[in-house]
Amino acid sequence: MSGVIGIFGTKRQNVASTAYYGLYALQHRGQAACGIVVNDDGVFSTCKDEGLVSEVFTSEKLSKLTQGNMALAHVKYGIEGYGGRENVQPIVINHIYGSIAVAHSGSLVNAYDLRLELEKKGSVFVSKSDADIIAQTIIRERLSVDSIEEAVALAMPRFKGSTTIVVMSSSKMVAACDVKGIRPLCYGKRDDGAYVIASETSALDAVGAKFVRDIIPGEIVVFTSEGVKSNTDACRKVKPALCVFEYVYFARPDSVINGLSVHEARVRIGTALAKSHPADADVVIGVPDSGIDAAIGYAKGSGIPYEIGFIKNKYIGRTFIVPGQKVREDLVRIKLNAVSSVVKDKRVVLVDDSIVRGTTSAKIVKLLREAGAKEVHMRISSPPFLFPCYYGTDVPSKDYLIACQHSSDEIKRIIDVDSLGYLEQEFFEELKSENNCGFCTACFDGKYPTIAPTYTGKLRFETKLSERTEK
Amino acid sequence: MSGVIGIFGTKRQNVASTAYYGLYALQHRGQAACGIVVNDDGVFSTCKDEGLVSEVFTSEKLSKLTQGNMALAHVKYGIEGYGGRENVQPIVINHIYGSIAVAHSGSLVNAYDLRLELEKKGSVFVSKSDADIIAQTIIRERLSVDSIEEAVALAMPRFKGSTTIVVMSSSKMVAACDVKGIRPLCYGKRDDGAYVIASETSALDAVGAKFVRDIIPGEIVVFTSEGVKSNTDACRKVKPALCVFEYVYFARPDSVINGLSVHEARVRIGTALAKSHPADADVVIGVPDSGIDAAIGYAKGSGIPYEIGFIKNKYIGRTFIVPGQKVREDLVRIKLNAVSSVVKDKRVVLVDDSIVRGTTSAKIVKLLREAGAKEVHMRISSPPFLFPCYYGTDVPSKDYLIACQHSSDEIKRIIDVDSLGYLEQEFFEELKSENNCGFCTACFDGKYPTIAPTYTGKLRFETKLSERTEK
Amino acid sequence: MSGVIGIFGTKRQNVASTAYYGLYALQHRGQAACGIVVNDDGVFSTCKDEGLVSEVFTSEKLSKLTQGNMALAHVKYGIEGYGGRENVQPIVINHIYGSIAVAHSGSLVNAYDLRLELEKKGSVFVSKSDADIIAQTIIRERLSVDSIEEAVALAMPRFKGSTTIVVMSSSKMVAACDVKGIRPLCYGKRDDGAYVIASETSALDAVGAKFVRDIIPGEIVVFTSEGVKSNTDACRKVKPALCVFEYVYFARPDSVINGLSVHEARVRIGTALAKSHPADADVVIGVPDSGIDAAIGYAKGSGIPYEIGFIKNKYIGRTFIVPGQKVREDLVRIKLNAVSSVVKDKRVVLVDDSIVRGTTSAKIVKLLREAGAKEVHMRISSPPFLFPCYYGTDVPSKDYLIACQHSSDEIKRIIDVDSLGYLEQEFFEELKSENNCGFCTACFDGKYPTIAPTYTGKLRFETKLSERTEK
Amino acid sequence: MSGVIGIFGTKRQNVASTAYYGLYALQHRGQAACGIVVNDDGVFSTCKDEGLVSEVFTSEKLSKLTQGNMALAHVKYGIEGYGGRENVQPIVINHIYGSIAVAHSGSLVNAYDLRLELEKKGSVFVSKSDADIIAQTIIRERLSVDSIEEAVALAMPRFKGSTTIVVMSSSKMVAACDVKGIRPLCYGKRDDGAYVIASETSALDAVGAKFVRDIIPGEIVVFTSEGVKSNTDACRKVKPALCVFEYVYFARPDSVINGLSVHEARVRIGTALAKSHPADADVVIGVPDSGIDAAIGYAKGSGIPYEIGFIKNKYIGRTFIVPGQKVREDLVRIKLNAVSSVVKDKRVVLVDDSIVRGTTSAKIVKLLREAGAKEVHMRISSPPFLFPCYYGTDVPSKDYLIACQHSSDEIKRIIDVDSLGYLEQEFFEELKSENNCGFCTACFDGKYPTIAPTYTGKLRFETKLSERTEK
């Protein structure tokens, strides 16, 4: 998924700190790498690396970023084979009219084709990043037009897949969203006049910016010293296709996408689940953190009291070490602990957002059983995951997806629950009417909103690159 | 407060990893420093330093700790003026019969007197830690008796204040609790026969040990290769005095102290608050994480629906940097974000565990108001904080305690709430009957369960040390 | 100056360690940054960063470099304004036929022109490095020819200035030297059949390779699995122009350039100085390390005994901190200490390689005076430094060069010596006959061997880049 | 051996930086660990750790040391089994009259006995350091007298072995030397009135202090605000026994011990070698750095010209990694490179300070042979090493000493030299007359100047400690 934040200010100031706070608010969208580029009147200073925001930005490094009136920042979702410092965004390149930085949320399906085309014209690459291809494509277009926004407008139709981007030039900031609007993007304004562009509204809240509006599918918005201009020429009548997992799992509950609160959407999902999959139970609990909101909804919908069933250890992060081999199996136990007094001798409804491989779910259920739960009724706030995603979500191949390999009854036995219910896909139709927006539900039904990808998965792209050799 | 975990195993194994997992489960009890001492047949290897468990124990350092059959570990609560690597526990000293390690949860009130007495006999100190005084006092006693447990028994009555300790000798583990039982300690057993001693039951859960029982006030329990022996000679008829804040704030909700679940205690506190301080409101929310359990109790007691009012940014830890001066005020905003869809146009009951200085509460209320809350009714799950604690809780002086400086009405205005209600102290009487245990409530009523301290606060102790000089 | 080492092996092996040892041997040629690129059958793995070899290559990082049959490595000389990780060499780029890595020793005088030309065709840059321009120029040529060596041959004439490069493609290694041969390059062979290309023979010694021959000005040598091929089409009849400072200061005394030992050259310079600038003295000493060899020569030429006059503190490196402001002046004192028993009451000949600003020389002389030297006769093993260098030596502007600002007599007074003698430039004519090679002596006489630079100094290049902006 | 530096200033200032510079000057005396303790009117701040001065003292850590008027600092020589942060000096302990810091150069032979005696009285230890035993012994004595200097005077006779110490109390600095004077100690004065106590005069030079005098065997010198007082009551008529290796190897050539320059002593040793072991040769070279001074002496004595035979890579330090197993044998080759032009076709005299195991010598000779040396005549500037040292030099057991295992002829063959000559022990008699001082030559002749050690080597001490256990 990835997260983007851009700041277009009115004067020279510590924009790096604003970007830093914004990245913290978006950290949930990508934990593999992050970066901030500060623009000080055309001179870009960059700090980026692999790691969490808290790991990459030491006090010393943050202080080395200059003051500026613009900044662009990115948190990167980890995709196997795409590590390496050179792939961390924002991508910064220098060209004949100065520098540009590009931050991308999403995934191109025609990356290899675009790259080959550029290379045949003499371009070279130092990264495998889609953002690099996007940046160089834009710069090629820039040679024939008069402005960066025109170059973006010419380039956008060439990018297939999910392409939500923010481009920072020496003097302007350009935000653009593909015609399907698969990944969200919005902007807000601070009291000091600065504009803030972000993947989610919660990042606007974190930096004290008031939400102005979502950037709509196909739109290009340009922020300059003259003000904000929108180009909607490419916006089509076609139904947009926001990734439904933004509501189900990706986005923060305190964000609002297309006018609908993510928390509220999850509560409704929970309420719907209570109706379609009722349970005769004493207490409703959620798996922290992703199942909590839907659990509250299930409690509302069913009248069964909501309770705190698990305490999540908030100190366990990336640096947690698993020294003893044997204990590796007990990792879930160290992260989560059941609250006995809540579940003992109770019939428990357990709400989670999805079942991917099933192994974690099985361990969580076991914790409840050990803590004395009499019955466990599992409710999942999404339909079963059956198809790969080409738009930025890293899911295992079908071989590992439990829903592809087993029937619902088998899954029930594998994870040891008394009943199991998934959200019906039809529910999203209802949600659509609510937020006036179409959904991409390809991971449930295989109906992809874009052309077929020219390769399957990122790893194929990498394979193609590694096969190249000197004749 | 601090947290202690000891492992007494039956064979040579990776006890360091067990200690490490245990420390993660106890991290909430102390974030200033931590350490693990592994005992490999009398040879102690130690890793300790200032910082969180995740900071101190790199993979490399953890792997340098040898295998062993025993380990003792500690997380330290930060008290100003007591930093420095030399003060990190467990304290390890070598004496005529090998080494001992000592981990202490609590605070001595007669530390300076004990230390001076030892020094007059020729002892020297490299730390300012109470645990060092405790260790050296025990070793002095050891010279005249035949075992470490007898030495502990002779030494314990000399320690005034809260003195929950675990002592590891070359071949034994000794757990002891002062007669007032101010800080909790319990032990459990693993399937492989290893005993685990810990400050809280949640640490037993984390390392796969089944709770056996609490160590009672005045008791000394010895773990040897022969088994477990208890010495209750010092247990008195006097009412014990468990720190009430263990239930209110310190302990993890999934821990059970003296037979009462901490989560359950907080839910009851919330229910009691709903009765003593009802509110005409639409929704009950808690301040994460400390107000959540009581908020659920308030919702139960009042019938007003519980909801998630704030999303806490789970990535913000100690390494979070506050680069821009101006934004410093907005730090609460970055850590917490109100969920607008929950509070907008609503009358909100906001539950928190305490109001200390009032500044944070004011900022939290402001977030709610900005998110559209129509009314804010604050409910506090403890009585007002009026007196200093001498038993291990670091509270600011009366000058900074808002409840000492302002009336309840003034506080209402300062933090901008529509109503304000504290838990009545009488409620603890009710809780007592429940868990068959007395409470120390000195921070609310000034009734201290031990002799008056010979100095006021740790800083006085340090001052006395720094005044010493060569004549 | 910079240093380059390339390994072209016969089988998959730990080439990174060979490169690492080679970089240690070349560290004196550049201490700002360094990097190693390993080529494992076309897959490049890279480790590079700012810092010394000992700082950049931790054990962990070195072990992450894969095995391979080729490696290319570089140490970078620091030029102000050219810091930044992106400028560290070898530069690695991916193109249509795989990857290439480029390492460059020297400096282009037409860098900006070449870059602008590429950019007008759509190329973009992520660095300010000459090596990046060299690499992209080569890749553009590669599109129209069939091999990397042909591309290098087409590109070389376009590079003006000092351009000693090694290019590693997926299957070949190409070493090339500009027609003037300003910077040295040679290659050797190991017993296992691997070829090693290096800036100096001492690096061949360090990795156990036997010297084969120098690469001659204008030559392109290609190492492939078929063997070694040389292309001398570009070698001209024009007199080559090896930088004379390679003998005077840059190269290691144990290196041999163009058949002449660097140590031997310095000894001869010392002998020549003894003849042209005799002194009535008791002892000859050298400033460690750069004046030692010439001092031995002076002793030989004059018959005055050689002695050790200074002990250099071998532990003072880059991490040395100068905490007390006042002591900053005494820094030379901490690095060097005079041996009193050698200089006390003696007439001392002090030999150094050059006087740049004069401040260090003055402090060194002061140390001798304090240690009791009766007279100090300074002898400099090069002519006075009067002109800027465009070929890779970072010298201060004329404003700071003492020889541009003061007469020899004034310098004598400023640095407080009893006599002062510089090497006569004519001496190099004598050396020429010896090593059958012309010299670039532009820094002494202003006669530059290439076209006039299109900008003055690197900083102008950077200025031009920073002026670019979006219209 | 270890190195000590103490500063007793006249006013509050940045004494840490002076100590830091001093430690750099003494780094050659110990590279295992180092520390600085600053005394700010009785409040001690400490920074110490394992590692070189450049590794332990980062800019951040150095700046955390407060200003003060006194500082005590130490570099520690590494002895196997005595690693660990707790053993790093200066040892700091708090006692009834404040704090003291102790830095020790040398080694106790009765450490275990002294420690046991203290422990029987109730003392405990956190380290295995001799300095800790020394400090606690002094503090025990302090209880019965009125000043720290009296306590030192009472304690000194109890320490057997080499005991050169500096003790810093809240207001005084006490320097003391055992009656045999095995390790050197001297003091000097700076222009600002500050006294500096140091193991070697080169450290005085480095911090701008003028040498005042050596501290004589048995003397106790006290530095107070009243001035400097000397107590020579313990100085005996017995011949002192300065470690002869201080001249041969340990001390810096620019230091002066007991009135004799170390460089001068080495030159004389070389001259003596030239007389006792002449060679028919063309050139004299030394192994850097320890053989250089004696090589110059050999050249003087023999009339054979001195030359630079090896270039030592000055960048190779502790962080040097040996990644490829096979190359490990070539490590000497990477550190040292022969200068072919100097040794080719020559008969070479090679001077080194000692042969310990013989492996390094063999490799060095091989380098010369490969570089074309026709003959190699090895001359060693000390007698053969035959006995263990109990006074602070870490030598391998007899099993590894080549001179204990092989005849001179066998050694010649093993290291492949044409002739081999050691310095005659008688030479030291000549040196004695010069510096009016007796020598400890126990490592050559087994005549130890103190009582027999109560254990053999430090490892026995550790073994005894590890055997202790609880009954």
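Order of writing sets the chain letters: A, B, C and D. Residues in each chain are counted from 1.
In this section, a residue touches a chain if its C-beta (ideal position, glycine included) is under 8 Å from a C-beta of that chain, and two chains touch if they have at least 3 such contacts.
What you are looking at is a predicted structure, and each value in this text was computed from that prediction instead of being measured.
Asker: Which chains make contact with chain B and with chain D at once?
Answerer: Touching chain B as well as chain D, we find no chain at all.
Asker: Name the chain whose C-alpha centroid is farthest from the C-alpha centroid of chain A.
Answerer: Using the mean of the C-alpha atoms as each chain's centre, the farthest one from chain A is D.
Asker: At what distance in angstrom does the C-alpha mean of chain D lie from that of chain C?
Answerer: Measuring from centre to centre gives 37 Å for this pair.
Asker: Using CA atom averages as chain centres, what separation in Å is found between chain A and chain C?
Answerer: 49
Asker: From the C-alpha centre of chain A to that of chain D, how far is it in Å?
Answerer: 61
Asker: Check each residue of chain C and list the ones that touch at least two other chains.
Answerer: Answer for chain C, listing residues that touch two or more other chains: there are none.
Asker: Drawing the touching chains as a network, do you get a line, a ring, a star, a complete graph or other?
Answerer: Its topology is that of a ring.
Asker: Give the pairs of chains that touch; include all such pairs.
Answerer: According to the stated criterion, the contacting chain pairs are A-B, A-C, B-D, C-D.
Asker: Going by the contact rule set out above, which residues of chain B touch chain D in the complex?
Answerer: Result: residues 42-43, 85, 92-98, 116, 118-126, 135-136, 139-140, 143, 146-148, 169-172, 465-466, 468-471 of chain B touch chain D.
Asker: For the complex, which residues does chain A have touching chain B?
Answerer: The touching residues are 14, 16-18, 20-21, 24-25, 27-28, 52-55, 57-59, 62-63, 202, 205-206, 208, 252-254, 256, 261, 263-264, 289, 292-293, 296, 300, 305-308, 310-311, 313-317, 319-324, 327, 330, 333-334, 337-342.
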